[in-house]
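Some structures are shown below for you to check.
Paired with chain B in one complex and with chain C in the other, chain A is shared by the two complexes that follow.
After this line comes the complex of A and B, so read on.
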């Protein structure tokens, strides 16, 4: 696994975190995010190659007291801690994107938790699909409300597959 | 020097349909294994499953939690295979991502724990915790479709080692 880039949000916050010029030498991508947003909603979005169309997702969501599952036709990416959560708490997320440089539609797996020193904290599992066969060369992450707070970070890694070593029958 | 992780061990992308993919002679030089699967639906519905060391005894148990996009649920299984994902969609090109982690795979003093995340985005999302009730070190892994159909061309399987 090779680190491509780490972005840390500075003073004043940021509307988005972007990775551009993603090297096409890997097989899969892994994004690890620690984030908090200034808005009133904990949902955040992901775009590939500046595109926000052709996305669909299913979510399994727990709040500490309820569980739900939802279907989306937007670029649902992950969940963050947000403005009403305990100060200084940040949500965590890992997004896995296999075969990002290939010529098939792009599927992604997202696991998020938000942190809050209260009864309400959230966990979200997302299954996403970008119905586009283009190789992913850039990724943008952005909250649906407000901006990323200072100290939010995201790191992008490439993972490179081996060759051979498997038999089929 | 940081410990290397996600060391590539094996990989295959199917160029035709296949009923079984096997990783064999798995080196014991790692702590955990990760298998990343990009599943191209075969049009009939897939039930990817996994066995270790060729064992088909009823020694695998799994607990899953899932969401279909409208319904949530949980289920448990005791059967002759590791249960992996919810039934995936049937549309070719709607790729499903499945990530499986096998902890302490080469240990000879414990049952083997497996965590699986499945993402058939047109069907739902699922997380599964499984156990193989066997203390043998895992030296081979077989992946097959319990639906009795084949994996479709374009499906890929990648095996990685995670160092201690």
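After this line comes the complex of A and C, so read on.
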């Protein structure tokens, strides 16, 4: 697993984090995110190659009091802590994208949680599909509204088959 | 005065990170995303609330020995 890049949001926040020029040298991609949204929503979206169409997803979701499963036709990405969560807490997420440089439709899975010192905290497992056969060369992550707060981070890794599992930073 | 919104773009081929102001098109897309999400969430919240209401009604009727509607029974039978 090789670290490609890490982004840390600076003062003032950011509407989105975009990785462009993704090297086509790996087999799979992994994104690790620690984030907080300045707005009042906890959902964030993902786009590939600047495209937000051709996406579908299934989500298993827990809110701290209820569980649900949903089907989406949008580019649902992950969940994050947001403005009403305990100050200074950040949500965590991993997004895995296998065979990102291949010529088949692209699947992804995300496992995310928000952090909150209260009953309402969220966890989501998302299985997504981008019905597009293009190799993924860029990825954008963005909350449905609001900004990523300062100190939110996102790290992109490539994972190469047969590489033995060592992490290279 | 309208606040300028920025995105962070990292070029993985060079490692260069830049802060870029959103274009008018991106701002419009952002508004559309927010509106679509709010509408979808309202539907989900209503469905969750309706299910909780049905379950509560089913439980109350079971305790009271009253017949359940088919919808209420569906919340109990896997």
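Basically, the second predicted complex is superposed on the first by the 162 of 169 C-alpha atoms of A that agree within 3 Å, B and C clash if a C-alpha of one lies under 4 Å from a C-alpha of the other, contacts with A are read in each partner's own complex, and residues count from 1 in each chain.
By our rule, contacts are C-beta pairs under 8 Å (C-beta built on N, C-alpha and C of every residue); 3 or more make two chains touch, one makes a residue touch a chain.
Predicted model, so just to flag it, every value in this text is computed and none were measured.
Contacts of A:28 after superposition on the shared chain: chain B is touched, whereas chain C is not. In the superposition on chain A, contact is made by A:68 with both chain B and chain C. By the touch criterion stated above, A:151 is placed in contact with neither chain B nor chain C.
When the two complexes are overlaid on their common chain A, residue A:128 makes contact with chain B while staying clear of chain C.
In the superposition on chain A, A:17 contacts chain C only, with no contact to chain B.
In the superposition on chain A, contact of A:99 is made with chain B only, not with chain C.
Contacts of chain A with chain B, set against its contacts with chain C after fitting on chain A, overlap at residues 68, 70. Taken together, the chain B residues at the contact with chain A in this complex read 4-6, 8-12, 14, 18-24, 36-38, 40, 65-72, 93-97, 99, 117-127, 154, 156-160.
Interface residues of chain C, counted against chain A in their complex, comprise 5-15, 17, 19, 22, 26, 29-30, 33-34, 36-37, 40-41, 44, 47-48, 52.
Remark: chain A residues 1, 27-28, 56-61, 67-71, 96-99, 104-109, 111, 125-129, 131, 159-169 touch chain B in the complex.
Across the interface of their complex, chain C is touched by residues 4-5, 7, 9-10, 12, 14-23, 41, 43, 45, 52, 66, 68, 70, 72, 74, 140, 142, 144-145, 147, 156 of chain A.
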